[in-house]
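Order as written gives the chain letters A, B, C, D, E and F; numbering starts at 1 within each chain.
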Amino acid sequence: MDAIPLFFALGFAARLTRSDLKIPAQLYEALSIYLLIAIGLKGGMELARQDALHILPQAIAVIGMGLLIPLLAFPILYKLGRLDRFNAAAIAGHYGSVSVVTFAVGVDFLIARGVEFETYLPLFLVLLELPGIAVGILLARMGGDWRSIRWGTLAHEIFLGKSMVLLGGGLLIGWIAGPKGLAPLEPFFFDLFKGVLCLFLLEMGLVAASQAGALRTSGAFLVGFAIAMPVIGALVGIAFALGIGLSAGGALLLATLASSASYIAAPAAMRIAVPEANPGLSITAALVITFPFNILVGIPLYNVLVGLAYGS
Amino acid sequence: MRNTHPCKLVVIISEAAIEDPLAADVMRLGAHGYTVSDARGQGSHGPRSALWGADKSIRMEILCDGETAGAIVEHVEKAYFRNYAMVAYVADVGVLRPDKFQHKA
Amino acid sequence: MRNTHPCKLVVIISEAAIEDPLAADVMRLGAHGYTVSDARGQGSHGPRSALWGADKSIRMEILCDGETAGAIVEHVEKAYFRNYAMVAYVADVGVLRPDKFQHKA
Amino acid sequence: MRNTHPCKLVVIISEAAIEDPLAADVMRLGAHGYTVSDARGQGSHGPRSALWGADKSIRMEILCDGETAGAIVEHVEKAYFRNYAMVAYVADVGVLRPDKFQHKA
Amino acid sequence: MDAIPLFFALGFAARLTRSDLKIPAQLYEALSIYLLIAIGLKGGMELARQDALHILPQAIAVIGMGLLIPLLAFPILYKLGRLDRFNAAAIAGHYGSVSVVTFAVGVDFLIARGVEFETYLPLFLVLLELPGIAVGILLARMGGDWRSIRWGTLAHEIFLGKSMVLLGGGLLIGWIAGPKGLAPLEPFFFDLFKGVLCLFLLEMGLVAASQAGALRTSGAFLVGFAIAMPVIGALVGIAFALGIGLSAGGALLLATLASSASYIAAPAAMRIAVPEANPGLSITAALVITFPFNILVGIPLYNVLVGLAYGS
Amino acid sequence: MDAIPLFFALGFAARLTRSDLKIPAQLYEALSIYLLIAIGLKGGMELARQDALHILPQAIAVIGMGLLIPLLAFPILYKLGRLDRFNAAAIAGHYGSVSVVTFAVGVDFLIARGVEFETYLPLFLVLLELPGIAVGILLARMGGDWRSIRWGTLAHEIFLGKSMVLLGGGLLIGWIAGPKGLAPLEPFFFDLFKGVLCLFLLEMGLVAASQAGALRTSGAFLVGFAIAMPVIGALVGIAFALGIGLSAGGALLLATLASSASYIAAPAAMRIAVPEANPGLSITAALVITFPFNILVGIPLYNVLVGLAYGS
């Protein structure tokens, strides 16, 4: 069996049973810095091997997908779930953006099964980080008080948030340095990747369980949303993958991205841009339900859906 | 005590997410400096255990004159109390070089 | 200062090993919250340099009314002073929203 | 408050580089202990963001009697204020065991 | 020459000469998290290859050994050393439990010499972590005030202390995932192991030297105990190894476990369960004397003893 | 293209654009501990293969070079730049000492080009750490108030500063353990080296940019000095390399050492020994200008100079 969900489960169980296990805060940050750079480098290195003209239209379509998903999520939350505008918009923004670790687990899923995929997909990860957050913020401010927004702070928070800088910067470095320039970095950034990912999932399990108490107050609707929305997202992702002509492996990764919800970049941005929203709600949905759902159930499920769609 | 002059100490405990805007506000309102430490804790918004990014707190302390202290306290009350986990308090202390902490012109 | 109301600040510095029981006690005795930072130092039990697990200290501060402050100070004195490296002090401060720190019914 | 006795609290915020000499001085001047936390901040010497070694600050607090507090404040003023980024303040607090903090003979 | 004791010596010397060298606290925690998981994974992976029925009686005997050792140590400390009940019991508990790093050095000792051993021995490490601590606590409370014990807190502190969770959790994950599931984690968790161990020993040297001042006040008896007790423990370990039919390599590791004293799990548990005990005494004994004694002198000595016992 | 300057540039750009990217302080320390030990181990291992008698005269000459460079720098700063004695001496001390990371980049430069060099050069790195700092302090105190110096604290700060302990200790361990003893540490200390170096350069970029504001106040003279002095140093280094008979590769490394300025050991020592000096000036010069200059321009330039001097 694959070790990744086991590490998540260990962390989750440790916290639920109130073990004193803690991942030091700076280790958590070190692991996430490592993962973001490593994914960026890998994607950039593969990008260096591609024909940019071929990818451009795909990239534009993927950005469109990032704008679309929060627009699907918002009415569900606002009309159906009767959340106030701020919370509905903030949660929609989380689902519009993406989870880097979920993506990494998806990649690992394919590698373990020997399935091929477009190796430049980390580029789409980078492209999907921002549009969803931006739409979420606009939805929150519609018909409201635009002047109170600190646009400068906000733009910084989004465009120059650490996950964008590391992912985008890694991509750029990987692209410029190319496979030859990165060769001496392989033992560090590539060989250790999965081990580091396991440690990070241990921590994610701890964090998810520490937020699990919020489930009681967040209501059944939110739980349902956090399970249904990733499936909707995955279907959208598969449709786009078919539309832009990705392989089946690529389709699974795009579905994984579309289904995943951000719990690093989005919470930080929303805390500044939509402070009226209760961060507990979006974190419960994105991290306590959607994240483990995707890791444990979602990715295999989307793989089946991709199989149906691609007739394989 | 010999040598020390009365001064206000403002302490603000809040979410790490707003460290930078908070610091900018404090300096804008006339403080000459501030000091920040990492913190964790619990309050009306539930536990904040500093396990990960969104869960971190900071403790900021500002030495300043009474006027600035009033302005800071009033501003954070208006700008942050509603939407952020936060407490603030003010104490009377004695400092060595009072001019260092008087309101910036 | 305008807006601020008198309140007690209790500060406890002790071994990191008892952070959790201490926090539980403080909340049980009526506090609405507390804030913790990591610390190191020296005292009658010798140096505690936070080099490793058993050597770490914490600094906990609690804003509360006088009654709760008295209860906390009395309790830690009885429950911990004998066996743990620990100091505690109480100060008078001013807070913005006094109701936030009044004894829990 | 019942049980507590008046005591001075001296707080010194300065460069991490001088933590050890500062602690040695404080003990030599009669304090029985001190507590240190890591800090960052800004002041007349510009921002000190604790990004790296030379940029780190510390916050040291010392409970002691008035005499010792005066000696500490006077000494740091003379020995460090000119050449190091530093602020210091003194507050009145109440402690449980006053003998623990009285000047060492 | 092997690098492990050299790193310990470097840390010890640096601290004795008052160098400002410090291992950041969170790096120390990160290293120990890594070591605990890695050892657990390795053991679990090997366990997956074993016949559980074969190991069960051995495991029961090993737990018995864990209960026995503090019962041997206590009277020495209480009667001979005239320590009070609390301190005698707390120290006995430390010696009943085990040191993960000493075990790792023992494993390394065998690997460097090409000696075979039962690869599931990390299971015994996990099993030996708790019984000694539990006996120590019971000894402290005998004839005393049982009501003052916070049993809940205490049980948590012991069973769900971070070293149990990481070691036991790693074992479980290694066992479930098996050699195939762990293969992608090898570069991180196995190849880097010895390098990380060296860094950890550097830190242990620093910590041991920082506590060395306590030697002056702890008295000659404690020093003698901290040298004699590991040898007694090792003899017990060899006897049990013969009894349960371990190989000579396995016997050295069981002797190492029996001789070692805990300085991570036990101090944390005792601080809550037996706060009347002076933690300086047990740490001086376990970390300042027994730990370096085992690393530098003990393990080679026990190897000779095993040779005698096994007639090789 | 090589990834190293790209990581520095990423960090620099992130900070200039006020990204919230931060390298946690303890990760920074962990990386520097790793780099110092790794370089020391490598050098010590190579030293174990050498004939000490052959190296001794070289080593003495190198120490002489370390004493000479601050004596060249001081009059430039004091007379030409009209800095006060304290600042001139402190800056001279920074340039007399060396930058470990610049050295590592130089080694990497040679390896990437397949150029041979004397593998024991890390010994010279260790030898050059102190003399320059000592001369800087003496220059500051000349004709001044010697009594106010805390000699004890100061000697500790210098001889037992953490970079000396880790570098020197690593060298010693590598020398004693030898290639065979270090073999199991290779995956950790050698294979990961360049990846860790990249992360460290990311952080150096952040730090350099965070100090860049000081450029405005430090004046044009200091900027000019921080570009001219490394070139002067490199020329001195090449001359010494010729004198002691190093290969062209060794000459480049000695030039790199001579040109580099310390920003870890020297600032810490100067803050205690010459508190009257403004640390902002030396850090701006050493870290904001000289360090990137050496990495981006200097090392290739010195390589050309070495080519001219060695007629290759």
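Quick note on the criterion: contacts are C-beta pairs under 8 Å (C-beta built on N, C-alpha and C of every residue); 3 or more make two chains touch, one makes a residue touch a chain.
This structure is a prediction, so every number in the text was calculated from the model and none was measured.
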| item | value |
| --- | --- |
| Partner chains that chain B and chain F have in common | A, D |
| Same-residue or different-residue interface between chain A and chain F, half as cut-off | different |
| Most distant chain from chain A, judged by the mean position of its C-alpha atoms | D |
| Centroid distance [mean C-alpha coordinates] between chain F and chain E, Å | 41 |
| For chain B paired with chain C, centre-to-centre distance based on mean C-alpha positions, whole Å | 19 |
| Computed distance of Cα centres, chain D from chain A, in Å | 46 |
| Shared interface positions of chain E, touching two or more other chains | 20, 22-26, 29-30, 187, 192, 268 |
| Residues of chain D whose C-beta touches two or more other chains | 20, 37-38, 91 |
| Chains touching one another, given as label pairs in label order | A-B, A-E, A-F, B-C, B-D, C-D, C-E, D-F, E-F |
| In the complex, chain F residues that touch chain A | 1-3, 6-7, 10, 13-14, 17-27, 30, 108, 112, 187, 191-192, 194-196, 198-199, 202 |
| Residue ranges of chain D touching chain B (in the complex, touch as defined) | 8, 11, 13, 37-44, 57, 59, 66, 69-70, 73-74, 77, 81, 87-91 |
| In the complex with chain C, residue positions of chain D that touch it | 1-4, 7, 9, 23, 27, 32-38, 63, 91-97, 100 |
| Residues of chain E touching chain A in the complex | 24-26, 29-30, 33-34, 37, 156-157, 160-162, 165-166, 169, 172-173, 176-178, 181-182, 184-185, 187-189, 192, 268 |
| Partner chain B, residues of chain A touching it in the complex | 22-23, 25, 28-29, 150, 153, 203, 206-207, 210, 264, 267-268, 271-272, 275-276, 279-280, 283 |
